[in-house]
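Two complexes are shown next, each including subunit A; its partner changes from subunit B in the first to subunit C in the second.
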Partner chain A sequence: MSREAGGGFAQTLAIARRDLLREQRVGEVAWITIPFGAIAVLLVPLAVGTDLPTLTRIGPGLYWAVVLLFGVFIAVRKTAAETPAQRDLISLLGLDPVAGFFGRAAASSILLLGFELVVGAVAVALYNIDLARWPWMILVVPGAAIGLALLGTLAASITANLSTGPALVPFLVAPLAVPLLLAATQAMDSLRPGDSILPWVLLMVAADLALAIAGVLTARPLQETR
Partner chain B sequence: MELRDVSARIGVTTIVRGVDFAVEANEAVGLFGANGAGKTTLLRLIATLLPPAAGTGKVLGSDLVGPGRYRVRARIGLIGHVPSLYPELTLRENLEFVATVVGSPAGSVDAALASVGLAGAATRRARDCSYGMQRRAEFARELMRRPALLLLDEPHTALDDSAVAIVEHIVSATCAAGGGAVLVSHDRGRVEALTSRTVELVGGSIR
Partner chain C sequence: MNASGHRMGGASWLDRAALAAVAGALALAFLTPPEATQGNVARLFYLHVPSVSVAYMAFALALVASVGYLVSRRMAFDHLAVAAAEVGVVFTGFTILAGMIWAKPTWGVYWTWSARLTLTAIMLFVYIGYLALRRAIEDPQARARRAAIYGIVSVVQIPVVHFSVVWWRDIHQLGTVANPTGIQMDGILLVAFFAGLVAFTLVAAALVTRRYALAVLEAGVHDAAARGAGALAGDAVEAPRIGARAGEEHG
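Showing the complex of A and B:
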């Protein structure tokens, strides 16, 4: 009668697949968050003027600020939330909380990456951002998506059982996202020939690792306090 | 499972007070009580989802508050009165998710759905199913998981006569395999026919 739970990697994939299927059916990120993110990027020239050198200079910072703000919405999207009955079920399935954390973060990472790419294309076209050394972005864009997803998942887990719920998530995410935002903005800014991008990429990797370790260490206690 | 002088609180309110309760192997026990008597809280306590405020207990050989409870949970099946299905997913996807997490064979999903009469509704999203169908799907899930301890909260609610037979089947199958079951219900007639004994919860205490 006893049954061993599935392996940790299989459980991680199952959670990620569940979250992505739920999102695919509802389309909260695809039809609401991404279009509004693109609109936010489009609106900036209306506020600061259409002077292209100015837009090119502030473009990377604005882009990553939009990614951070809308990344919070992606982390606390309705399709990532669980009812108390669903949380009970997850506990009784013998799901490894660490697998659950990484599965949820993986789904959010994929959605955030999609957001970054679509909104990034708008920002590059609109702000004339210099991408002379664009191959570095293959590290920077997913690195930022993973970091924000880990942070958002952690913050959503912490606030899941609070009466204030997701409303507190931005307060947790904003200060802790500073290293990620700094690394991503500076890395994009350093794409010009002659600037060194490596320290910023390393800062991002360090931030991602720290968030992953925090998620591993807190996964079980956070599941038990839900 | 056995509870000794166990109390449980939700927030600052004590819901369950000094309860002694045991379920032996091969035994199904009915649990009755008025609304607010603490039946659901007691089920969550037995499922190790709620730590006791006082008292001791063992579930499937593991202490209620020890780290062993994490392993034991995978052998406990709980069907509450609020469905735990993901409404955006189909019934099959809901069960496939569970099968992957618990390590059940992939083929067990369709067999479980067929056993509760939902083979034809496997591709229907849970949100598009009636409450009774969602309950059936939850029974299918537990038939697939085959828990050693089955906890059912109002199992007969919203079920038609054919589905009531599913409740009888899953309870008898669990007990015949050496497990135990606790059924919380207001439907005394049906539960008394399924269980070997019943207990009454009054104001959080067993009478």
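Showing the complex of A and C:
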């Protein structure tokens, strides 16, 4: 991880690759978090009623609520946690804290994107969601994944090594994810012909940028506390 | 005064000033004429709006203190941050409560899904999260650093809450004092509002001062406990004085 081993971008890729490899070996997201999200999408109609037109109308909102509340578990998955010995080793190898932050966030983004796509397919099928002008979703879905991954990684760094960390992260992330939730749900609402999706896409991009800047500014002070 | 030089018992000049200001503000609030359409219930304005203004100020102070801590690493800034955040949470909770009491006779319900109401509730939970984070971390330095970072990230909510009534027009009225078209009050109403603002600001300042002093005391207790942890088990047991006893026997 030293300078000889590559610059910031190479370090980011190395950390992301490491996290994805660990996830591939353990399968925590694939076998626990994604099925958990799919069950949530299946159970909600049992609570609010199974009237299909109603579900079609509220389905996008329910989907994004599930993504927000369950997707945050991806950022605090066991396979993303580092033991003190691993952290010391990585620090001694000269890992740039900013590269470490973006590497972890990149791995979480990819996993969150997979979560969104699988749970989204379940929601479209069960709630009969109309995906008119669906190409716009190519901007919204990854944007939400990146934002939630950045926020989750930041919260996971703040609560690293705390015994209450896994319980605390969803509580810290949920209220701060409101701009992402608003942008995603309003963007899907604006997919109707005649409405403009652009303001909501811009809100999501602004939220993602703000979180990325927060990650850059706080990576070093957070490394001191780990 | 305690060992740190912070007054904990009795009423300080700030406490007395706050009490006097509250009494004056209440008197002014009841001297104003009833609102034309809402009647007496509109007097809650003199509590509701100053309360949220003070909550914003407290959270802004927590932000400044958080930045101050990260720059200087002085624990005094951390004590100030927690004091301001706790007081901000109290005033945000009071704002929501006063707003709900005002909403029932005005809108017919305690709660509507207005952007301002919803985002204010979310702001409350952001700062409850900040306080929960602090409680989860035992080491003072680690707690100060992590809380400062979360405190800085959290502050992005405040402008969103404040401008929500402009960005999303709904049942909640636009700002009466901080209105884009100018102040929408005049005469004694405006005087009563500013009296309420001064009173709430003094109450918040008194609370922050006391909470700061308490945080200093808590840090002192933690330091004393950390020093005490160096004592060995069995220190309290007195070792037998063999030499002295031998001396007694031979003497």
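Assume the second predicted complex is superposed on the first by the 218 of 226 C-alpha atoms of A that agree within 3 Å, B and C clash if a C-alpha of one lies under 4 Å from a C-alpha of the other, contacts with A are read in each partner's own complex, and residues count from 1 in each chain.
To be clear about the criterion, contacts are C-beta pairs under 8 Å (C-beta built on N, C-alpha and C of every residue); 3 or more make two chains touch, one makes a residue touch a chain.
Not measured: the values here are computed from a predicted model.
Undergrad: Is A:45 contacted by the first partner subunit B, the second partner subunit C, both or neither?
TA: So A:45 meets neither subunit B nor subunit C here.
Undergrad: When the two structures are overlaid on chain A, which partner does A:8 contact: first (subunit B), second (subunit C), both, or neither?
TA: A:8 sits against neither subunit B nor subunit C.
Undergrad: Which chain makes contact with more of the residues of subunit A, subunit B or else subunit C?
TA: It is B that touches the greater number of subunit A residues.
Undergrad: Which holds for A:79: it touches subunit B only (first), subunit C only (second), both, or neither?
TA: first
Undergrad: Quick one: is A:162 in contact with subunit B, with subunit C, with both, or with neither? Answer first, second, both or neither.
TA: second
Undergrad: Which parts of subunit A are touched by subunit B and by subunit C alike?
TA: Correct list for subunit A: none, the interfaces share no residue.
Undergrad: Enumerate the contact residues on subunit C facing subunit A in the complex.
TA: The contact residues of subunit C facing subunit A are 70, 119, 122-123, 125-126, 129, 132-133, 136-137, 141-142, 145-146, 148-150, 152-154, 156-157, 160.
Undergrad: Over in the complex, which subunit B residues touch subunit A? Could you list them?
TA: Going through subunit B, the ones touching subunit A are 44, 47, 49, 70-71, 73-78, 80, 82-84, 86, 88-89, 93, 97-98, 100-104, 125, 145-148, 177-179.
Undergrad: Mind pulling up the subunit A residues that touch subunit C in the complex?
TA: Spelled out, the residues of subunit A in touch with subunit C are 154, 158-159, 162-165, 168, 171-172, 174-176, 178-179, 210, 214, 218, 221-222, 224-225.
Undergrad: Please give the residue numbers of subunit A that touch subunit B in the complex, ascending.
TA: Residues of subunit A touching subunit B: 1-7, 10-11, 13-15, 17-18, 21-22, 25-26, 79, 83-86, 88-89, 91-95, 220.
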